[in-house]
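Paired with chain B in one complex and with chain C in the other, chain A is shared by the two complexes that follow.
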Partner chain A sequence: MTPSGPNANRTIDVHGLARVEGEGSLHVAIHDGVLERVELEIFEPPRFFEAFLVGRGYEESPDITARICGICPVAYQMSACAAIEDACGVTVPESVGKLRRLLYCGEWIQSHALHIYLLHAPDFFGCRDAVELAALNPAAVERGLRLKKIGNHLMELVGGRAIHPVNVRVGGFYRSPERAEIAAMIEPLQRAREESLETIAWVAGFEFPEIEADYRFVALSHPDHYAIEAGRVVSSDGIDATPGEFADVAVEEHVARSSALHSRLRGRDPYLTGPLARYALNGSKLPKVARDAAAEAGLGPVCANPFKSIIVRAVELYFACDEALRLATEYEPPEPAAVPVPPRAHAGAGATEAPRGMLLQRYELDAEGTILSARIMPPTAQNQLTIESDVRQVVESGLELGDTELTARCELAVRNHDPCISCAAHFLDVSIDRS
Partner chain B sequence: MTARVVVAGIGNAFRRDDGAGPAVARVVAASTGAVDIGPIGEPLDLLGRWDAADLAVLVDATRSDAAAGTVRLVDLGDAVYRSSQSTHAIGLDRVVRLAQVLRRAPARVVVVGIEGEDFSDGEGLSPAVGDAVPAAARRIAELIAEAS
Partner chain C sequence: MTSRPTLAVWKFASCDGCQLGILDCEDELLQLAQAVQIASFTEMTSAVIEGPYDVSLVEGSITTPDDADRILAVRAASGLLVTIGACATAGGIQALRNYANVGEYTSTVYAHPQYISTLAESSPISSYVQVDFELRGCPINRLQLIEVVTALLAGRRPVIPGYSVCEECKTVGNLCVLVAHGTPCLGPVTRAGCGALCPAVNRGCYGCFGPANTTNTGSLSKRLADLGLSERGVSRIFRTFNSAATEFSKESLEHDA
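Moving on to the complex of A and B:
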């Protein structure tokens, strides 16, 4: 490490960022006490999924794209189905939509519980990992593991298995779960809902750096509920578009340091998708208990402190448990489990809310349903520029910190957004250069 | 006193020799009092399934330079704690440590590896790997006898 202090020349390099998915690094250069450069490098090899899809049948897209990610395969499947069904001009029945939402709640529960308890919370206790946190606070980690398990069970029940579910198809599902199978989830979900309220109270007690970012939020929005599996794309500065229209205004550009594409809204700054965006744009649609718990945890209607994303994620965890409980209680098996989706020569787009942000897919099909072109916009790629901007703000407000503490805070600034570098690589390792 | 033993076969039976682990676990569960706790989707799945066991045996196919059918035992009590953490997976060594901290770890965790040679699509083990299944099951039966 080079000498630290606010006026020094410093380089902070984090090679191989921990507790994020994929291969990436962060390089921060400070010259004469002035921040010169923040670069989030994503060196996960490009994965060429969009090219794999070209020439394949339209019904293969949910299973092929699910392989992009082991933690949010449902998000890939749901966005793929939405896009293909849009291209084919088919709207699935409400019962299928509800079962998709139930499956998606399982993914939100397991992904949010994993990130809150095992990946993000250790930072707030100065722990290297969940093992150290478990030694310090075993009851909390046990609670997180129980929550994650219930999410996994729900995914297994509806999706056939938790990782890369096999029951999802264009038009619906291969098989509708029996009423009794879903009813068996009601009692575990009631416990999970209670434990998610305890989660909100627990994370609200953490100490957070005081930072307010100027975010442009983008999320799906639905008139009737907190959007997950369907909706229009809205932003904090007035965008209100279909997923297809949004894909036209979100420009992706390649930069040398990253195998992920950087997204910008045409002619505008970077934007942020994910829990902070959803909460800011759709918070009024959360159930009253969730809104009250958020207020008790100190959140206003908008949370622009990225470190407090863990509270927002906990509020969403409650929501996902509550919503899954409602859907399980009202469950009627879709009959049939899937509707026919005849192909047509047309383009279509679909977007859904993955746990870490909006995931958009767009396809162009020929009359036989062969995929002529595919575009996939994962949340981490869309968020990459905003994550860099967060790190810049953290460094500028923390120049007085020593390199070790500043490095830790930079890593946390990245983890705040639960990035999935493998999905984006289309990322992590931090370096601070004070030279 | 009879030891509580759990066994899990890890692998995909539709990728030929990758199915060696589940094949061995089935033989062990049928021929001993061990409880088959598979299938395991990710190492964290082991928590809650192997708690309070005297011995947990995880059987998986390996791919190295060894001859096909080579059976190797790794005692995780001796394993180096070095897997990286990602949002997708917490490695087996970390899950063992987490279970130990939470006082839910088996007294002993042994990974049994069987070297495979054909991991292509399809069912059925290659002859050398198929021949190694009873040998691996016998090695595990010896571990169970030691634990009892």
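Moving on to the complex of A and C:
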């Protein structure tokens, strides 16, 4: 620790964090060489989704909640469908589930390629954006754009549109794509799978700060496959719950912490969802090629270095291409495209794995299917405290760095988790108490 | 050599989807970045060049006192100001607050309403400043965006249709879901631009692009009622992503039970 010297007292303010989705800022205060405060502030305007969903029809929630996030609309649609179907006591047929998974793979490919190549990789080259990176390494950026485009194509094919897909409904889809339409994706997906292997090798060669965080991981887990669109909520410290049970725990903690300090602290225990959590908890379910590529890239069974999340994201990119290819090859159009979901007065919860982490929704319906209450837990809202704790660790291990370098590393520590601030803006504790 | 025109992208209350439309121009993105100087676009770059800017693209609606001030600064720094998407052009889904009590909304969502600073209404950018061109859609069509940027750089008017989704349906050869299946559809009053995506998947149009240039919403509402939609159903169908657009707002209020 350096209680004196030019770096002993300083504040680092990053207004308008770049290359994250949405509007946020970071405030770091250092006094006498000791880190005093780290605050990731979200100044994204509140949009009140949970409020205006009340009184709307249950069939409207996939389209309305998609508008929370333009980068992961499928995640919102899938979690909404899962929650509404749970409330109504309906299980969709396997063929519908597989088509949902195929659509979701498109979103993973699009979002991971976007984050790896356009938002995250520039940091490792000292570039301010992908255009600068393209000047240094045009082949890499063009590969990233090709991968991203294939993800978007898959979403357009299954969902009808890449941003805010139109083909998703409670109970399934409006229309099942024909076999030939899906077959047309096989060749592009084979290319994408190859290019995702190249992606893993590329990012594995980056230089990473040596930092290990002590994460409490939370992810969906499924007995048969690497969980995306369904599963139970599990954690590295023993949670094993349905999405509804997990939501209940969170609700109770929230109610309690408004009056009792102990529960408030318990409720504030940070945890992490997203690629690092999925890889740690479900890595054994990845295809062998992905596991081998991960090992070759230097990853063990758990990756606790947040800067290496870019490698894990690349491994998941490979997985999403491989899984989409499998689903496209085996594709049988669901017939009918959707099953009826008669409403009932009941509550239900659903969780799925958005590219950046677990997204949970919970609804209470009346007998006509009118929404009585809605609760949405976006991944970035769940990750916010962990992101702050990462920044704290980065600052504490880098107090000797100059402002420019430390600021850059702090920003990177935030981007490591691919935060989606537009999503997080409406979560429960949006403001930081400065009193 | 003359210097490249500068382009800035600004975000207000929104989902980021319309800005993502720019990054989704995978085939054109690097070319675009050569044709214009991207001077401010935080979702894409850490580099920021001081204004003024030749063209500003504005995503999102105005919902907070700070943003009401910020849009004035953006306008002052911009040669041409183009709004992109339903939020910037018609208030977005968050304009549903305009039909409710925002204080109740705040306490429904937030545990500590006193921390939340928000305006009673979500308003389009044109309620605050002069807008040079409005590109519609929830989300925008990225090909239309390329047309707008290209046209503005060339100094001509963008060619963006103002007719309804019905015309697009006929062009692509969709079966009319309203006539053939009795499916409620906003196509007759909704602006073209998406490519008539919903009827193509056997679904009624739900109005992502807002009102067409000429609309007869009253007549459509009668038809929707004949198809069995309740008054509340008719009000709701007009009250989604473009609920602050005059024609849709008026019609939704007519049927607001």
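Heads up, the rule we're going with is that the second predicted complex is superposed on the first by the 401 of 435 C-alpha atoms of A that agree within 3 Å, B and C clash if a C-alpha of one lies under 4 Å from a C-alpha of the other, contacts with A are read in each partner's own complex, and residues count from 1 in each chain.
Throughout what follows, a contact is a pair of C-beta atoms (placed from the backbone, for glycine too) under 8 Å apart; a residue touches a chain by one contact, two chains touch by 3 or more.
Worth saying up front: this structure is predicted, and the values here are computed from it rather than measured.
Touch criterion met: A:71 reaches chain B and chain C at once. In the superposed model, A:131 lies in contact with both chain B and chain C.
After overlaying the two complexes on the shared chain, residue contacts for A:167 are found with chain C alone; chain B is out of touch.
Looking at the shared chain after the overlay, A:60 reaches chain C, while chain B stays out of its contact range. Once the two complexes are overlaid on the shared chain, A:115 sits against chain B while remaining clear of chain C. In the superposed model, A:203 lies in contact with neither chain B nor chain C.
Shared-chain residue A:175: touches chain C; no touch with chain B.
Residue contacts after overlaying the shared chain place A:410 against neither chain B nor chain C. When the two structures are aligned on the shared chain, A:52 is found in touch with chain C, with no touch to chain B. Shared contact residues of chain A, touching chain B in one structure and chain C in the other: 16, 18-22, 69-71, 114, 118, 129-131, 134, 141-142, 145, 148-149, 152, 161-163, 422. Across the complex, chain A meets chain C through its residues 16-23, 43-52, 54, 56-57, 60, 63-64, 67-71, 73, 114, 118, 122, 128-132, 134, 141-142, 145-146, 148-149, 152, 160-164, 166-167, 169, 173-175, 254, 258, 411, 422, 426, 428-431, 433. Within the complex formed with chain B, the chain A residues making contact are 16, 18-22, 69-71, 111, 114-115, 118-119, 129-131, 134-135, 138, 141-142, 145, 148-149, 152, 161-163, 418, 420, 422.
On the chain C side of its complex with chain A, the touching residues are 11-21, 23-24, 26-27, 29-30, 33, 38, 42-47, 60, 63-64, 66-67, 92-94, 96-97, 100, 102, 104-106, 108-112, 115-116, 118, 138-139, 194, 197-198, 200-203, 206, 208, 236, 240-241. The touching residues of chain B, counted against chain A in their complex, run 41-42, 44-45, 47-48, 84-90, 94, 97-98, 101-103.
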